[in-house]
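One structure is given here, and the rest of the page talks about it.
Order of writing sets the chain letters: A, B, C, D and E. Residues in each chain are counted from 1.
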Amino acid sequence: MSKLILIAKDLYREYYGVQALTGASLQVEEGTITGLIGPNGAGKTTMFNCLTGVVPAEKGTIVFNGTNVTGWRPERICSIGMVRTFQIARGFPSLTVLETLLLHGDRQPGESVIRSLVSQKSWTAREQELEARAHKIATRLKLDHLLSNMSSDLSGGQKKLLEIGRALMGNPKLVLLDEPAAGVNPTLVGEIAERILELRGSGINFLVIDHDLELIARICNVVTVMAHGTHLTTGSYEEVTSDPRVQDAYLGLAA
Amino acid sequence: MELLPQLLINGVIFGSLLAIPAIGFTAIFAVLRFPNFSVASHATIGAFAGYAANVWLGLPTVPALLFAFTTAAAVGCISDEIALKPLRPYGALTAAIASIALTIVLENMVRLGFGNDLRGYNLPLMRDWRMYGVRVGPQQLQNLILALMIMTIVFLALKFTRTGKAMRAVADNPELAELKGIDPTFVGRLTVFFGMGLVGAGGMLLGLGTSIDPLTGFRFILPIFAAAVVGGLGSIPGSVIGAMVIGIGEELSILVLSATYKSAVGFFAIVIVLIFRPRGILGERKF
Amino acid sequence: MSILNRRLFLGASAAALAAPSLLGAQTMPIKLGSLTPLTGVGGTYGPSMRDAISGVINQVNEAGGLLGREVVLVSEDTQTSPEAAVRAARKLIDVDGVAAILGTWASSVTTAVAPLAWESRTMLMCVSGADSITQLPHQGFICRTQPNAELQINTAGEFMLREGATQLAWIGRQTPFAELSIHVLEKIAAENDFGMDSLIYEADKTTYRSEVDQILRSNPDFILLGGYAADTVVLLRDLWQAGYEGQIVGPAYAVNPSVLDTLPKDVTEGVFTWEGAPAVESAAYANVQQILGVEDVDPYSAQTYDHANLSILAMAAGEGTTGDTIQSNLRLISQGDGALVDNAVDGLAMLSGGINYSGASGPCDFDDIGDIVGTQFVFKLISNGVASVHSRT
Amino acid sequence: MIFSAEEITGGYSRADQILKGVTISADLGETVAILGPNGAGKSTFLKAVMGLLPRVEGTIYFDGRRIDGLRPKQVVEHGIGFVPQENNVFPSLSIHENLEIGGYLTSDTQRRIEEIFDCFPLLAKRRAEAARALSGGQRQILAMAITMVHASRMLLLDEPSAGLAPKAAGELFETIRQIAGCSIAVILVEQNALAALKTCDRAYILSAGSNHITGTGTELANDPNIRETFLGGRKY
Amino acid sequence: MLSYFLANLTFAGIYALLALGLNVIWGMAGMINLGLAGFFALGAYASSIATVYLEFPIVLGVSLGVMVAATAGGVLSQLSLNLRGDYLAIVTLGFGELIRLIATNETWLTNGSDGISGVPGPFRSSLTPLAFNAVACALVISTVLVAWFISERIRKAPFGRALRAIRDDEMAAAVAGKPVRLYKIQAFAIGSALLGLAGAAYAHFNSYVAPDIFRPLLTIYIFFALTAGGTGNTLGAVFGAVLVIALLEGTRFIEPFFESLSGVQAASIREIVIGATLIFVMRFRPKGIFAERPPRPLGTSD
């Protein structure tokens, strides 16, 4: 077994009065795309929130790439290479597409107040590097003609692509995708799947939540199933979908 | 410390009076989604309308209160239609700032008509009753009862009438309400009418115990806003609780600090509440 | 700044100042500024203060004007805010070029406007009571018709003693005189072995029930009020409702006719007021009554009536139309052995023989730093909603 | 055909014409699916029918009367209801109150609510609870129930299965089939194309704001070209 | 007349500093600050106390004013980090009032409601009033230029971009790796520093500070200025400030047209005109006269 890049153990979290996670555990292996599926309300998105520090877990530990990141704030977790997308694309209405991409770039000296006030020179070089990278990513995602549009003007599918694009700007080791296919038409889903596979080839790991089992089957090496705030089973797509517990709780085939 | 029960009673009385305009403010916030600071001038308008009804027409308290309600409600609707409604699509803050400008306009219209003189209602005044070492004013008690009655009517109307439910629905999800055949524009107008009416009635109730001038409403705007925020913006039960917290908090503050810091203590109460409940006591539940 | 630039500025300023006076010395009207609070907290007082000034100017113009020229009133609103007042004062000074600014009310407004006045050599006549005002380095450009706070409080304290007080209390809002008032009363109480309690409340509140409960705990038999009209109304009500049976004395500007009008008669029954004695019997007072069309003239309006008369007479005496003229001739016409006059129209006619103006607010004599001296005080007792003279000092 | 929309054009603003000529009809008891890529104007079409767009051209007939240009309230009075994709319940109102708002313009609201409670025992059991307490799937059911109180003749559904797990989605489509069975016209917009085609009687595929292909559900589901171009060449 | 014009240009400059400060806090970072008057007061009092009581040179006093206001801004935003929108509004509003209450009541420090008079102005004693106004005007305008420069630097730098992202969606910005809390505190402190600078400038120009100066009306005027000028737009902030002063002062000259009215009525008409004009401006330019636009990218390829 190769190296584990993410280990989450026994996470607990209450969310709006509901116990969303009750001892949930999860692992992501280096070099894989891991799927995370389960019925609505199983705690998948809460799991993402805990992993990325948006909503800290009440109990449990999270180790990312050998570092214990339990209780870290989101920006710190992001800075060591774990980034995420959102289920409903959360755009920045007052940023252009290019700015949205630049914003997600790593190492930004221009974000230091002192530097931005005192010396413009100290950050322009880095900014230009990031701009070049943003152009490259936008071209890859076929968003290059939209770079100067406001990000809120994009269509639903384009927003999804932009979500992925911004996740890539930070040179991540692990990208958490929250329903990349939801609300996207099947053709575009195919395209998104292609991009993800391509990116895995360049050494980025993925953890994907989606209800589109076709997508999961196509891209995921390993699938973890959650139900009622905890881990149900893990295995290959065929293994988990033939598990009667999964069929009952999630697929609804048993009935 | 022997003052404590007395101060509590004073606080409850002040809080219940504050609750009326706070409900109006909150209802407008819940349905139209912006803090309408022109409640300040509408409270003044209500107070002056009540004054006109009481002193010029010789009406007793309750009819004068109805007159105050109607006048403030009508002015509220008209001014909202002209000044604020066109700005609402541009965001809550734009509308809020315009509502401050509106306050300046309306306050000075009152000043234009009535001048700056202090005016008092033509109502008999009675000494306080003393029971068990605490005193309660008959007038304050009457105001308290009126305030409680108004609150009860508001709650029953929201809970059980068709229009009340429509208001809550628009507050909760305006787009969906429209899809169910509720005209959000109509409900918005209705809310402004009743909300500003309540503010006007509240302005008069608050004025009954003091005297009124064009700045009457402006003196209340901070506690009204504070009450709405402490209770949880958009929550009508919350605004009543918030009003009580502010009312009682301000009166009790005299035990700990110099009376000159009364409103500061009110704000400390807000800060403490918000530290523990960043969305107010009841949270941002609509109604 | 380089010398060159500085010279440029000085030159420009000289030109700016010189131009209008050369151009219009004979034809331009003489301007007086009124700077009273027309809106904001002081809005209760400002309008009639302004009307009193305007009345005097109309009378002078009807009688042929001043130095053969028309007198014009330029009125601005302080909004009871020093910030707004400063901008208004600058307009009066720099745009209108008024010789005097009359009627500033709040002490903070007067203090804010004061440096502008003395720097531009414009006369500033105020009704503010804070002791610090006349201690500013104003070179004679400030005078006030309001007796200073210490004098006022001492007088009230002695009055309470005379009326048989044994347990004093002071309750009022935070003003420049609040601490001084407490200090003076405490001294009086200590000298006579009385008790004394005090409470400063926050202005602009709608009820003072709890404050009243607090102050009544010491069972005072005499309470001195230290607020303005808006809060005094609330306080008097709350005191009455709380069943307070002792005596109350309040400044006449706070327990003013509009307050008496507002409150039920029971509430104000037996309340004393005191003020620097306006010369109620005088023709000046009758004149103000006529100008304002009211029976009871408030002390501030009486004072601004005097401001207008004093500045017009001082300009006439000095045969000039600037602040300097007023500054150097003020005492010439307001005090001394001349014939007593009570309005500017008469004064202008009698000027050559020497006059001593004595106005609606009193004799109007000033000391070196511009404080009014020799103020007589009058105490009134309110009965059935009407104030009538009780005693004088 | 009780409902027919001819050559509908329109959008959110004059400059932004999303619909460029869409023609769709439906009959009572029929389920019609509208499919197509993102941005094809599927949801916009539903909004056009409901009177939610500022400018709409073309004609829409319902039961022999023109309903284009009407305000939402008037459309609702024809017995037409729309379930949006998101924010489709009133979270702080109780379930019962949600249904009452659904019947805001209906005369015999209480009777209809009781009928709906009979259909959905889950909702009946929790009628006093606030709608925010429901899970995602239950919320979709409530959203449809609210609409059914007043939509006695036609139901418009915008991506009802979005974000639902396969099991919940399956149940939902089952419910939709039941509803259509009570002689109501159902028009649904879906991303989950295969599931929608299985459920519907007829389907329209839109592309760039106008009609592209029309056919019965089975026809389209089995056409390999269509699968390739529009359904992502996928199979379950 | 010239002197009056210069004085009002100075006031407009001071308002512009306030509007620029608010623009950093609210326009760029999206935090509502209804306590402007409080920060303004802090700068004014700190500098006045330092120069009058401690006899510091003016430059030192002003720097102290800036530092005190910036520190207070930093601390206040630290305390209220979890609050958003209207909740932050009430806390800052309360802060502004608290500062005014302290200034009124803590006589030992602030001389109470008497205020502190005789605050020195640069070269004031050796200049005529007109020349002093000219000097003050020049100084304030150059300060505004510096503040403008700072604002534009922030806006165009990645820091400004991060602030706009935080304004739009805090959670998404945090997940994008932005230390949201730190940036918010920094923005609040920088904005407050500008507010304090305005206060210090005001104190030295006006030579007098008192609690009454710092009433909430001042805050309202600055919000008017920024909203009318264009929230988030540096030029808009400055232009709005000039507009507000022009309106406040210009309306003085309409009074003669209402000869028959009493003083109160004329004063109220003046304020009605001020309020109504602002409503009109907002009605026809709801995003402000100069709407916000994202800065141009550095442009490697376009």
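Operating definition for what follows: a residue touches a chain if its C-beta (ideal position, glycine included) is under 8 Å from a C-beta of that chain, and two chains touch if they have at least 3 such contacts.
Keep in mind that this is a model prediction, so the values were computed, not measured.
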Indicate the lowest number of steps between subunit A and subunit B, counting one step per move to a touching chain. 2
So which has more C-beta pairs touching, B-D or A-D? A-D
Centroid comparison with subunit A (C-alpha atoms), farthest chain: C
So which chain is the furthest away from subunit D, centre to centre on CA atoms? C
In angstrom, rounded to a whole number, how far apart do the mean CA points of subunit A and subunit E lie? 42
Can you compute the centre-to-centre distance for subunit B and subunit E, using the mean CA position of each chain? Integer Å is fine. 30
Where subunit C and subunit D are represented by their mean Cα positions, the distance between them in whole Å: 75
Tell me, which residues of subunit B touch at least two other chains? 108, 111, 115-116, 258, 260-261, 263
Touching pairs of chains, all of them, please. A-D, A-E, B-C, B-D, B-E, C-E
Would you pull the subunit B residues touching subunit D in the complex into a rising list? 162, 165-166, 168-169, 172-173, 175-183, 285-287
Provide the residue numbers of subunit C that touch subunit E in the complex, in ascending order. 1, 6, 9-10, 12-13, 16-17, 34, 36, 38-39, 43, 46-47, 50-51, 54, 75-77, 79-84, 86-88, 90-91, 93-95, 106-109, 111-112, 114-116, 119-120, 130, 132, 136-137, 174-176, 178-179, 200, 202
List the residues on subunit E that touch subunit B in their complex, please. 32, 79-80, 82-87, 89-91, 93-95, 97-98, 101, 104-105, 220, 223-224, 227, 262, 264-265, 267-269, 271-272, 274-276, 278-279, 282-283, 286-287
Contact set on subunit B toward subunit E in their complex: 35, 83, 86-87, 89-90, 92-94, 97-98, 100-105, 107-109, 111-112, 115-116, 222, 225-226, 229, 233, 258, 260-261, 263-264, 266-267, 270-271, 274-275, 278-280
Residue set of subunit C touching subunit B in the complex reads 38-41, 43-44, 46-47, 174, 199-202, 204-207, 209-211, 213-214, 217, 229-230, 233-234, 237, 240-243, 258-259, 261-264, 266-267
